[in-house]
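Next come two complexes, and both contain subunit A; in the first it sits with subunit B, in the second with subunit C.
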Partner chain A sequence: MKKKKSQSESYLSNIWRRMKKNRRCMAGLIFVLAMIGIATFSPLLASNQPIICKHEGKWYFPAIVEIFQSRGVGPHWIKKSQPFNLPQFNAKRQLDPEEFAIWPMIPYSEFEQTTEYYLPPSSQHWLGTDELGRDIAARMIHGTSVAVKVGFISMGIAALIGIVVGGLAGYWGGWVDIVISRLIEIVICFPVFFLILAIMVWLEPSIINVMVVIGLTGWTSIARYTRGEFIRLKTQDFVIAAEVVGAKHGRIMFRHILPNAMAPVLVSITFGIAGAILVESGLSWLGFGVQAPAPSWGNILRTAYDSLRVAPHMVYPPCIAIFLAVLAYNLVGDGLRDAIDPKLRKQG
Partner chain B sequence: MLTYIIRRLLLTIPTLIGITLVTFIIVNLAPGDPAQFQSQGIMDPEVSIKTYEKLREYYGLDKPVHVRYVDWLGRLVTLDFGESMSTDRRPVADKIKERLWPTMSLAILAIGISLLLSIPIGIYSAVKKDKLFDTLSSTILYALYSVPSYVMAVPLILLLGVQWDLLPFQGMTSDNYDQLSFGGKAIDLVKHYTLITFCTTFGAWAFYARFVRQNMLEVLGQDYIRTARSKGLPEKTVIMKHGFRNSLIPLVTLMGLILPGIIGGSVILEVMFNWPGMGRLFFESMLSRDYPTIMALSFITACLVLLGTLLADLSYTFVDPRVSYD
Partner chain C sequence: MSQKDILIVRELKTHFPIKRGLFRKTIGHVKAVDGVSFTIPKGKTLGLVGESGCGKTTVGRTILRLIPATSGQVQFENSDVFKLDAEQMRQRRRDMQLIFQDPYGSLNPRMTIGNIIGEALTVHDLAKGKERQEKICELLRKVGLSENYINRYPHEFSGGQRQRVGIARALALNPKLIICDEPVSALDVSIQSQIVNLLQDLQEEFGLTYLFIAHDLAVVEHISDYVAVMYLGKIVEYASADDLYEHPSHPYTQALMSAIPQPDPKRKKTHIPLKGEVPSPSNPPSGCPFHPRCPKAVAQCKSEMPPLESKNGNPNHIAACWVSE
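And then the complex of A and B:
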């Protein structure tokens, strides 16, 4: 293989190198990755079905199968695996000598109801139980995926709209810019929560709708950043060079300008993710978000609020989780911004 | 400068029209109108349909959408928000008027307190950069900034309201408010205001303090500060007169921008604290599909925000003579 010629460091790897030096930013990034990990592998962490077990001479992998099945994606071999759904073969079972099982860390599923209502934290239920006797630790773990999904998907939608709209305004200028800038100003005038609530009322409350609505209302700051970057970059030499060789407008916008405008836009996306998590849990708290019995941090907080006097222990897990998630995204966003703008960093 | 102000004011006209359009479209294109909402409880299908038709006629919902929009706009110009479509059928203006003060007093308190608290902290930590106070306050403020207001509210309600029973957390006044003496009334109000004001304020406070510190650092690195120091001015004068005054400029713009956050965030907090403000009224009208109230509230808040940004923009030109007006 030909050895790569040493070349000057690319823009992105330069930013990454500076981000790596920022310990707070890295801590935030690690927390975000941990959240993604927990969300992906939640059945391995909390489930009443074993991870691996031997039952009547056969081997089963129920929790692993659940990872794929509950997410609707499954390679061929997972679909063909023997179904294992034995309610009696759960974590409370006394194993026979020839049986074997490895249980998840928290041997309860997020929907499993027991008769032990509002138990305070104990060695059995690490974070206690809720009004239906469900294990709060299990519900928190399974609720993580909501926070992760809402953050990424809603901001994905917002980024798509924001980049296209902002890019068009910045690149074309003139009346396109005037119209789009007015549009952005109008949307900004409505407090985000009013707008989202107004739309959520006429949609079925579900996680998909929450994500779409947050995305549809949260694109304004991304659009403003993109517009500013496009205005700054469109007079630069490399853009003029691209125009001279006859590149089409679409190509100039998305292949030449956009990659160079991406970094500041990424900062606003990162902060947007923190905001989306916040809005989702707020909506779930009001009853317009993720619907029971599906767990989300917001509706766990709601149950906690409704039973403050009987079960004070329920308040802290969702509060701390939401706080840490928002904090982590803010840290990453700040780190990214400092890495992009060395001038700010020196003063920081 | 006058032309700038006039142009800036003219530019708000299309924005205002856009605001009315967005408000109207979101509310009126939603499936399920107030007539349907109020007639769905009737068991007899025939009576239910008849009631539905009657209610639609009563509310004027049987007219085409564009006619209703023009009607609504025409009344809006005279500040007539119409009659509520909830079961009490009171004029919307009255309903909002009694809810305006609880929310606006909170917003004013929040902005005032956060400014009062954040400016000294911001300046002090900028001057004593990287000393213990700065590191400590920066860390705490950063953490506070990342706590959503309602996430802060629930543990506070639990600790101060329920477990230690120090402060009330439902409504604006106690049940026996009318029987209290004047002093008792004041104490009662202050007690009810304490928790919700704190929850509305702390986010803006943390945000401002970080902002003041950042600006102050930027200003203190400027040449004119070095000049002021080298000509032997006392450090206090350098910081307060030369430093702080110049760091104020970006703060002015921020004031207008913080308002939508406070009003938007008020929905959850007001529902949580059972606070008789606009946020809760919005939530209640949403649930009962009370079109005129929803539209009036969205319109009023959007105008407030527009006014905020406008004032910020204009005051910017007064505060900073370097800003060009073209």
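And then the complex of A and C:
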């Protein structure tokens, strides 16, 4: 039985075993997974719609429908189904005893404005309210998806460019390598944040543009890692064996070299995600990223900063969230690096 | 050149440039292979022996064009290997395969044994699906491994088993020539004999031709029909295996022979110790490259390179030495 198990993906399970021993790494990983969970199910955690309710003898699942509708995914019937609409949270009490509802933990949506401005944290508004009377906890929860999306999509773009460019440089060597290496050095020299600022002036400020621009400038370290790994691996016997057997270049690059080069590249991607979250927060703070009223940790921090004198409590949630998210990704990256190769620890 | 020779290597030279400085100026060459010629008759084994760094491996890889040759000619069957374009070479390599020294580095750690062996079938579009599966199982049986190993990963195997996988991969394309690059030197002595016997059985079964590169003379004696001794990028002696082991002619060969451990304690040992190190192939000595270490060197050895000529009155036993008869 034991033998059977080791048949599949033994290398990855080996890394996973070593990662599990690293407590800081696991703490980071749990935080990252929690972020992804919060981002995915945000309407279940904070919404002015009940999760399940019975109204006039019919059952509704408005918050669940909202998960799909707000993201534009899911089967057709769910997209066109009308969510059950309640005007206000306190409408709950006006329901007759026949009616029934389960409400999200935070019964406010991220856009819902009340007349209670700058409230400090209380049992009703866990993190207080902002200058428009919106619940900060609800905005923080809905802002999580921005942080998650920015991290994964921008680094997805960066990884795609970095792996292709770095792989070509490492595999072909010679003048291809010289040209690409100089290109990487030039891009590294760009002060990325200010370059993005300059580009965002020309583009419409939106989260998609932020992600694309971060991706287009953030591929250099991934390319360097990939290049190094390709150079190391292309002289290995198993790569030469593939050539002798008659494998073509594309096959050698993608079937033989790339799977063996992925581990250190993955580390670099993880650190890149942390950086991307920071850049997005910075851009949103400056007003070039996610546009109000849509929440992101960066623009929540901005409004908090503008009201610092009136409501100092507003500043803590976004600061702590950004800090913890970046820390968590860095811990995961660190742990991953140690798990892959303890020798790498001293670099980077 | 007889029709029976499957591989003919003429005056093969592989020099690596040494580049230094800001502009990567070539300041010299490492003459890894410097004018090597030999032929291998079909179905026979040529053993290529020599110390580490004498260019044995480079010869093997240059023949397969994994390393570009500086000059010379390699004729395999009826084609001039160095004149083929990339696609023709890819097709030509179906008949010329390579077995590696390091059983750990030569198998992709992320591929299953089945995919490693079956890759050749896939890239040349020879078999698909069930047919491919059956072919892989057959190859596994041929090299003495269980079919159940097909979905295992290389790290689950011992060195000897991995080497068998490497042999199965080389056999997948039904090659005519296999270049064995020190296939047993990384293995235990007990495993070595198993692998050598396997190679011999396969040779008999498929009529394979081997270029057997090794530094272990005992192994080479066992498997080879002919033996070429290399020193510093040159062949210094070439003869049939029996001849060479009975009447080594070149002083270098004699020194190597004297270093073979004798299992019989009663047999008298006359060990010929070699002084000094192998000279650098980037700056080889004048004349005979062996003269600084040769116990029999005379003045002529320093100035002139001796030609390969027949020794012991045997036209098929040639050596490059001024002194020996």
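Methods note: the second predicted complex is superposed on the first by the 319 of 348 C-alpha atoms of A that agree within 3 Å, B and C clash if a C-alpha of one lies under 4 Å from a C-alpha of the other, contacts with A are read in each partner's own complex, and residues count from 1 in each chain.
Keep in mind that, in the parts below, a contact is a pair of C-beta atoms (placed from the backbone, for glycine too) under 8 Å apart; a residue touches a chain by one contact, two chains touch by 3 or more.
Keep in mind that what you see is a predicted model, and the values were worked out from it rather than measured.
A.B. asks: Between subunit B (first) and subunit C (second), which does A:Ile322 come into contact with in this model arrangement: first, second, both, or neither?
C.D. replies: In the superposition, A:Ile322 contacts subunit B only.
A.B. asks: After lining up the shared chain so the two structures overlap, which partner does A:Leu195 touch, if you call subunit B first and subunit C second: first, second, both or neither?
C.D. replies: first
A.B. asks: Determine, under the contact definition given at the top, whether A:Asn260 touches first (subunit B), second (subunit C), both, or neither.
C.D. replies: A:Asn260 contacts subunit C only, not subunit B.
A.B. asks: May I ask you to decide whether A:Val245 touches subunit B, subunit C, both, or neither, giving the answer as first, second, both or neither?
C.D. replies: After superposing on A, A:Val245 lies in contact with subunit C but is clear of subunit B.
A.B. asks: After lining up the shared chain so the two structures overlap, which partner does A:Tyr305 touch, if you call subunit B first and subunit C second: first, second, both or neither?
C.D. replies: first
A.B. asks: Quick check on the superposed pair: does A:Tyr11 touch subunit B, subunit C, both, or neither? Answer first, second, both or neither.
C.D. replies: Touch status of A:Tyr11: second partner only.
A.B. asks: After superposition on the shared chain, which partner residues are touched by A:Ser281: those of subunit B (first), subunit C (second), both, or neither?
C.D. replies: first
A.B. asks: Compare subunit B and subunit C by how many residues of subunit A each one touches, and report the one with more.
C.D. replies: The partner that reaches more residues of subunit A in the superposed model: B.
A.B. asks: I'd like to know which partner A:Ile231 touches here: subunit B for first, subunit C for second, both or neither.
C.D. replies: neither
A.B. asks: Share the list of subunit A residues that count as touching for subunit B in one structure and for subunit C in the other.
C.D. replies: none
A.B. asks: State the interface residues of subunit B toward subunit A in the complex, per the touch definition above.
C.D. replies: Touching subunit A from subunit B are residues 11, 14-15, 18-19, 22, 26-27, 30-32, 142-143, 145-148, 150-151, 154-155, 157-158, 162-163, 214, 217-218, 221, 260-261, 263-265, 267-268, 271-272, 282-283, 286-287, 289, 294, 297-298, 301-303, 305-306, 309.
A.B. asks: Inside the complex, what are the residues of subunit C that reach subunit A?
C.D. replies: Touch residues, subunit C against subunit A: 61, 64, 66, 90-91, 93-94, 97-98, 100-102, 105-111, 119-120, 123-124, 151-153, 155-156, 166, 169, 172-173.
A.B. asks: Given the complex with subunit B, which residues does subunit A contribute to the contact?
C.D. replies: So the residues of subunit A in touch with subunit B come to 182-183, 185-195, 197-199, 201-202, 274, 278, 281-282, 285-286, 301, 304-305, 308-309, 312, 315-316, 318-319, 322-323, 326-327, 330, 347.
A.B. asks: Spell out the residues on subunit A that touch subunit C in their complex, using ranges where they run on.
C.D. replies: Subunit A reaches subunit C through residues 6-7, 10-11, 236-238, 240-248, 251, 255-256, 259-260.
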